[in-house]
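In structure tokens below, several structures.
The same subunit A turns up in both complexes below, where it pairs with subunit B and then with subunit C.
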Partner chain A sequence: MSNQPQSANWPRWFDPRSRSLGTFGFILNRVTALGLTLYLLMHLIALGQLAKGADAYDGFIALVKNPLFKLGELLVIAAGVIHGLNGIRIALNSFGVGVRYQKSTFIVLMAVAVLVIAFFAFKMFSEG
Partner chain B sequence: MREPLSPKRLEGSGRWLLKIFTGLLIVVFLGIHFIVNHLVAPGGLLTYADVVAYFQNPIIVVMEISFLVLVVVHSFLGLRSILLDLDPSPMVLRVVNFVLVIIGTVAVIYGAWLALTIASRG
Partner chain C sequence: MTEQLWQVHFKVRRQRTGGKPYVQTFTLEVDPEEYILDAVERIWAFHDRTLTYRHACHHSTCGACGMRVNGREKLTCITTIRSVTQNGGTVRIDPLRNFPVVSDLVVDMGHFFLRMDKSGFNSVAPVAAACLPYEQPQSAESSTGRKPERLVDCIECGLCISVCPAANTDKEYVGPAVLASLHLMYSQNPSQEFINQADDHTGLWRCHSAYECTEVCPSGVDPAWRIMDMRKKVMSDRIKSIFRPRSQEKKNV
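Let's look at the complex of A and B:
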């Protein structure tokens, strides 16, 4: 239990020193989870424009095609890809699969994540 | 990074397993969602007419509502899991459970209503 997070010691949560790669994997999973949950609620609210009809929704789509929204959208895709790939590792490890190789699996999956994010970034920003 | 990950003290193995399985299913649904919305759609995003046309297929409606249920269950179980790190008292945990169930249920009902409304406009 010595490695359990303690609420009384919360400032330590934000101290990156003396952390293992696994801890960064854990932090990455938690931070992306919080971001994606916030996005889920915002996404549902924004999609409410669909119920208002074509003018409302298409006007909203025109707004989110500006570079600032695209950057936000790319962050969501990045969070989804990182969380999803890291999550596959966690799921496999949870059932005892590949536990010995989880460090190298993490590195490989995050490298794949960088490539997928770069692909989406290129695709999204090259379309104008 | 050697020990297998295990359910946390207050999470329980049922919720923990549900989080893992919904997560794996979401990877599949999210892959389809990203491809449809960001790779297939011209200009990167579907227009109103595209969304209505997409929702004319009943399989898509069932898939999108299932996706919503999976995402809501997974994200709220995950949020609860993060909140457990703050060592909540049993009373606070009961409030957290209640709030998450209410918000999750409202989100699913609202999302399903939206999906069915769009599907009916074809």
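Let's look at the complex of A and C:
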């Protein structure tokens, strides 16, 4: 692996070893952004089923009721919540707000994210 | 000097220009209160005279001895062996990241120094400008009647560039030290020229708010705070320009 920045070094972008909390924020934002982009693509494919008629669409809906898909939906919610809340921290900091408290802001916002994700998980899996 | 010596294994990343990197282990008896740079010098002096590394002042002023110690960017002249390992333990030493390796632990920082130069970096500044606004500037009397000055904190060691995840993705990114320098220059002389240099996709907007630069900076420059402060300035200017009458805008052009 070259010592200089280049796209072949992409595994380094997700390597949190010997790094501080800020890098976890950086990695989380990238991973969730990639996940949400992938979801958008899948969402468009699913909507495309509408054009194939009611039977095709119903078949697809039956497929996504599978618990594995439910877990996927929970991951989408998690990605949205984490990305959104972390984005708020970055936006506030970029306006010069709370820059010196970015670490505690990150911890508080991620704690909120965990609570929101747990709430959705409970709702989704307890209601069948 | 402490009473007991430690046996420590130093795993040093070796590489000749253009050659393949490999790791060589040197086992030394060391005083845990010694610094990592002392151990590197001893490896060079008594084990392998071909080992290359940079150093000069030995007291965190020159910024030459920046390396990665157990994966973390450190100024090796002020990093004690005790702080990174234990008796019988291992210390991994690598060159800084995001710079071309010249040889072993020596990286080419020429491009970085040129960027610092272009930013107008001045190593001496009035006390108020050299201190961060949230710090309490020390009052200094000047017998000459001139404004008191001091050395600014940045020692151009490059640790902030090595640790920065954004610098890891884009070699065109000027990096935290250069942006901090532009902020410092702007605070001394509020000229649009410094803002224009920073307000670029390879400048202020490439930073992804990981704050690693501030974490590793051995001099307390707080580059991340300076980057955010400059962003605030750029954004407030942009928002104001929306409400500025067009006639005034033309005049400004």
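Keep this in mind: the second predicted complex is superposed on the first by the 113 of 128 C-alpha atoms of A that agree within 3 Å, B and C clash if a C-alpha of one lies under 4 Å from a C-alpha of the other, contacts with A are read in each partner's own complex, and residues count from 1 in each chain.
Everything below uses one rule, namely that contacts are C-beta pairs under 8 Å (C-beta built on N, C-alpha and C of every residue); 3 or more make two chains touch, one makes a residue touch a chain.
Note that the structure is a prediction, hence the values are computed from the model and not measured.
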item: Subunit B versus subunit C as contact partner of A:Ala33, first or second or both or neither; value: first
item: Partner chain in contact with A:Ala51 - subunit B first, subunit C second, else both or neither; value: first
item: First, second, both or neither for A:Glu127, with subunit B first and subunit C second; value: first
item: Which of subunit B and subunit C A:Gly84 touches, first, second, both or neither; value: first
item: Touching partner for A:Leu41 - first (subunit B), second (subunit C), both, neither; value: first
item: Partner contacting more residues of subunit A (subunit B vs subunit C); value: B
item: Subunit B versus subunit C as contact partner of A:Ile61, first or second or both or neither; value: first
item: Touching partner for A:Ser20 - first (subunit B), second (subunit C), both, neither; value: both
item: First, second, both or neither for A:Gly96, with subunit B first and subunit C second; value: both
item: Overlap of the subunit B and subunit C footprints on subunit A, listed as residue numbers; value: 5-6, 20-22, 25, 90, 93-96, 99-100, 102-103
item: Residue ranges of subunit A touching subunit B (in the complex, touch as defined); value: 5-7, 20-22, 25, 30, 33-34, 36-37, 40-41, 44, 47-48, 50-51, 53-54, 57-58, 61, 64-65, 70, 77, 80, 84, 87-88, 90-91, 93-96, 99-100, 102-103, 106, 120, 123-124, 127
item: Subunit B to subunit A touching residues, read off their complex; value: 1-6, 20, 23-24, 26-27, 30, 34, 38-39, 43-49, 51, 71-72, 75-76, 78-79, 82, 85-87, 107, 110-111, 114, 117-118
item: Complex interface listing, subunit C residues touching subunit A; value: 68, 70-72, 95, 97-101, 107, 134, 163, 165-171, 173, 208-212, 215, 224-225, 228-229, 231-232, 235
item: Subunit A residues touching subunit C - in the complex, by the definition given at the top; value: 3-6, 9, 12-13, 17-23, 25-27, 29, 89-90, 93-96, 99-100, 102-103
